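A, B, C and D are the chain letters, set down in written order, and residue numbers restart from 1 in every chain.
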Amino acid sequence: MASNLAVAIVNGIVWGLIMALIALGLNLIFGLLHIINMAHGALYMLGAVAAWYFIELTGNYWLALAAAPILVGGIGLALERGLLRTIEDKPLVTIICTFGIMLALQQLVLMYFGGTARRIALPVAARFPLFDLQYPAMRVIIAAISVVVMGGLWLFLNKTRYGLWMRGVVQDREMAVALGIPVHKVYMWTFVLGSFLAAFSGVLAAPIVSVDFMMGREILIMAFIIVIVGGLGTLWGSVVTAVMISLIQGVGSIFVVPSTATVFSLGFMILVLLVRPQGLLRAPCSRTRERGPGSSWRSAASSRRWPRSPSSRTFSTRPS
Amino acid sequence: MAEGIGSGVILNLAKVSKSFGGLMAVNYVNLSVRKGELRALIGPNGAGKTTLLNLITGIHTATSGKVLFKGEDITRLSPDRISRKGISRTLQVTSLFPGLTVYDNVWAAVQSRKTFFNPFVRAERWADVREKTEAMLELTGLSGKAQTVCSELSYGDQRILEMGIALSTEPDLLLLDEPTAGLSTQESIGLVKRMRALLSGRTILLVEHDMGVVMELSDRITVLHYGEVLAEGSPSEIMESEEVRKVYLGT
Amino acid sequence: MLILKDVDCFYGKGQVLNGTSLEVGEGELVGLVGRNGVGKTTTLKAVMGLIPAKNGSVRFCGRNIAELPPYQVPRMGISYVPQGRHLFPKLTVRENLEIACVEGKADSARMEEIFGYFPRVKERLTQKAGTLSGGEQQMVAIGRALIASPRLILLDEPTEGLMPLLVQSIAESVKAINEKGTSILLVEQNLKILKEICRRIYIMEKGAIVYEGTSSEIDAAMDVQERYLSVKV
Amino acid sequence: MTEILVWVLFAISFDLIFGYTGLLSFGQALFFGLGGYAVAIPILKLGAGTGTGLLLSVLIPALFAVIVGYFSVKLSGIHFVIITIIFALIGSTLGETWAWLTGGADGLVFTAPPIELGFFQLDPADIKSTYYLVLTVTALSYLFLSRLVRSPLGKVFVAIRENEERARLIGYDVQFHKLLSFVIAGGLSGLAGGLYTVALKYASATFLHWSISGHAVVYAIVGGGGTLIGPVLGAGLIMSLEHYLVNLLQATDLVVGAVLVSMLLFAPRGIIGILQGRRK
């Protein structure tokens, strides 16, 4: 029992950290571009699939870990440049558009990769004892890499000029333009970074899960849940929530049927959406929300009590 | 305020306050509007004029104090309930149904006074709604543009239509939020001319920056400053008020 | 230096600027005054390219900047201090200053100059901008505009909502900045402040400039004041 | 062909909430799947008739739509999209878990008993009869919806889509009307699911999966939202496209995705928009 529990906890943390990376990408893209990226799961899947090909070619997992995310980042660049740029300011359209991209990407992979699930051998075969079980060391390495990447992301956002720009654009887009920040370039690189993170976690997850063209579909929803519960635009909230949810699910499924745990977490999520749509881990009132209604400046944060609801109106089916 | 709460008072705000976070947008405001009068509400930016209208129409709920309409407490009602009680308003930023024709815009407003919508009846069958819609189009002078999609109207016509929609609900009290915002001087004059015909005999609370319009139309003026009522009186009284000039000129 | 000629601007279909023309010369401190909603802020935003100018031209040092993508305008040497400051509330004061140096590192001499005008900014460097008082925020906002060494600063109601004592000190700083050679276009509701520090003042009404004069001329022209600025018609 | 008609019905029911009321729901699969079970379970476990089953396939999903809608319409924009997906996910998770009731992912296989209509008998086992059954129901639903959107009620829905705030300010209970639209659409989506199961003789938890909703979204967008004929065209066109492509290169979703994305970029009003544009 103790060993089961220990494995569940360690597994929960490992998986939670991978999920955190995926959710971070999704949240970054949402925070800056206000795009709900339905194709995010597909990008994660692409990362894993690309890794599989790289490993077939070179036999080296570490090479794949470096190359696959860059490749997918390039795809992200093409998507943002080619498709999303023109519809950036219409949230509902971007949802549908990225849904279309998701369908297309999944199908492409199905065509070339096939429908069968494949496995990637653990690049580090060593195991270490955990109570009376032998635990694969690779999982711990994966967790460590996730932490390092997250640390890198933190440094990037807090210590570099581009990171500073990104944080600025999130808070006040118009002011950022007025200071000479090339907002569209920031958007582009954010999308690339998000795609990169999705693919990176795909490669990280590849040795643990099986790789197939549908692997991104459920992950996408999990990532949504994490982002919403942690708070849209609140990055550290995503990390905490990812690990928490993953732990609860891991440990919980020792005691109850996994699907019951899923239903409960989904129900919890609905509750969060209804009661605290800004997310659990976000301060209830940020300064931007407090600004009185007299402000002529378009505030990014919309009030929930009286949603001006630009999103529901921007998708007019008639020309306006 | 000498007139107090008499029989002629239709809207009465009693010690109404509203704060956003720490900011007091509206602070302890007392205001009563009499039936049939045109009351103007003026004040510098951020004085809380629009917030006050939002409190009356239920878009915001007052932090404290009461809003009484025809003697009834409407402080905590939702916007649609308040609208059905007989308060209608226009918004500072034009708020229409952009994809619908002018006719349908007015229709939607006229129809809102009905209660049951039979899904099997064609809308056109409702003769009374049709008549009222056409009458309103006539009144606003938009009959000729009835089939124009509203987003293609000129801005001046949109402002008129906004007023037409608000009037189509046959309100007992009409709130106008800067009807001339975004219009040139020439257009404003045209609008005011048309407003005269539209608004005669109605009870109106008008928020407006254009002092020409205010002086032209209003019976009484209330001046707000930093969320508080600074002065109230007839147009000439307000014009002479030292305090009001101070606020406007900063001297 | 800055020349606006017959500029029209729209919010959707509403016309906010209606043939606005004005000029700011090298090293000048020019005031722009008018009642609420006459288009003062829009004029500044049109210069910054935040709202496209439909007709007319916006020239800065001989170049038509209305054609540039908006983020290029500040790189030409124009800084903007918007109404309501618009600092990035979750960034520290230092970050708020640094973010404005879009082309390179913050010059420490420049930083010192800003601290010279506003010693309080130096004390608050590591604090989040959202936690500052209104006056401090205004100082940071002006500092942020200064850091890129602009040739022209557009200042939108810097004294709005501040205590009288602070109003005076901000006004003096503005004057001092101008005296060091930076041109300033100052939008204010407070005519008294403008008359004190500006040599030339424009009055705006319904999206157009309706009067131009020196502060002493305006002082004499009581009818103009009454007509465009007070509550009288 | 029968299948196309089912998807047509699903697409127009979705269009009522999306195209007319302006709510993007990715959760219609929940009602679609529920409709399927509402037919299959009573027939299989209670020995009910097909007619009863189809009636239930409207009522039960509509009932669920009341509950789901009650919570969902409080949210708008992105949050609405996500909450509908989550409700559908709960549905599909439960559908897969409660195998004793639903047959899980393997589904329930059943034979729909013939419908007795006086002298006339309709046997769902016969492909042709099924086709006529589906055709009739879909046509009737189409008529119902086209009446609805022209009725005063329909005008309220459109008003809400165009400007929620204004609709509220002229006295419409926006929340209630959104819910109403959601429930009607839910009921009709359920009916589509019911017919689908009758035609396939099979109900499964996979029908509950949120990605099924994507079909309706795609058909409505490609055809042109906010019109009823648009989704019909969209469903017809894409289904036949898929039909041909399946043999050609087995890349249906790829083409569907590509068509969807290019429609969004180049013809946001769909096929209908293109046709109307040409006429002008």
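The rule is short, and it goes like this: a residue touches a chain if its C-beta (ideal position, glycine included) is under 8 Å from a C-beta of that chain, and two chains touch if they have at least 3 such contacts.
Just so it is clear, the structure is predicted and the values come from calculations on it, not from any experiment.
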item	value
Comparison of B-D and A-C (more C-beta pairs in contact)	B-D
Closest chain to global C-alpha mean, per-chain Cα centroids	A
Farthest chain (mean CA position) relative to subunit D	C
Cα-centroid distance, subunit B relative to subunit D, in whole angstrom	42
Geometric centre distance via CA averages, subunit D-subunit C, whole Å	55
Subunit A and subunit B: spacing of chain centres that average the CA atoms, whole Å	46
Multi-chain contact sites of subunit D, meaning residues that touch two or more partners	161-163, 165
Of all residues in subunit B, the ones touching two or more other chains	45-46, 98-99
Of all residues in subunit C, those that touch subunit A in their complex	41, 48-50, 70-75, 80, 82-84, 86, 88-91, 95, 98-100, 102-103, 130, 144, 148
Residue numbers on subunit D that touch subunit B, as the complex places them	144, 147-148, 150-156, 158-159, 161-163, 165-174
Interface residues, subunit A side, partner subunit C - complex	161, 164-165, 167-168, 171-172, 174-183, 286-288, 291, 295-297
Touch list for subunit C against partner subunit B, complex	11-16, 18, 35-38, 160-161, 189-193, 205-207, 225, 229-233
Subunit D partner contacts - residues on subunit B that touch it in the complex	57, 78-80, 83-84, 88-89, 91, 95-100, 104, 107-109, 111-114, 117-123, 126, 129, 165-166, 168-169
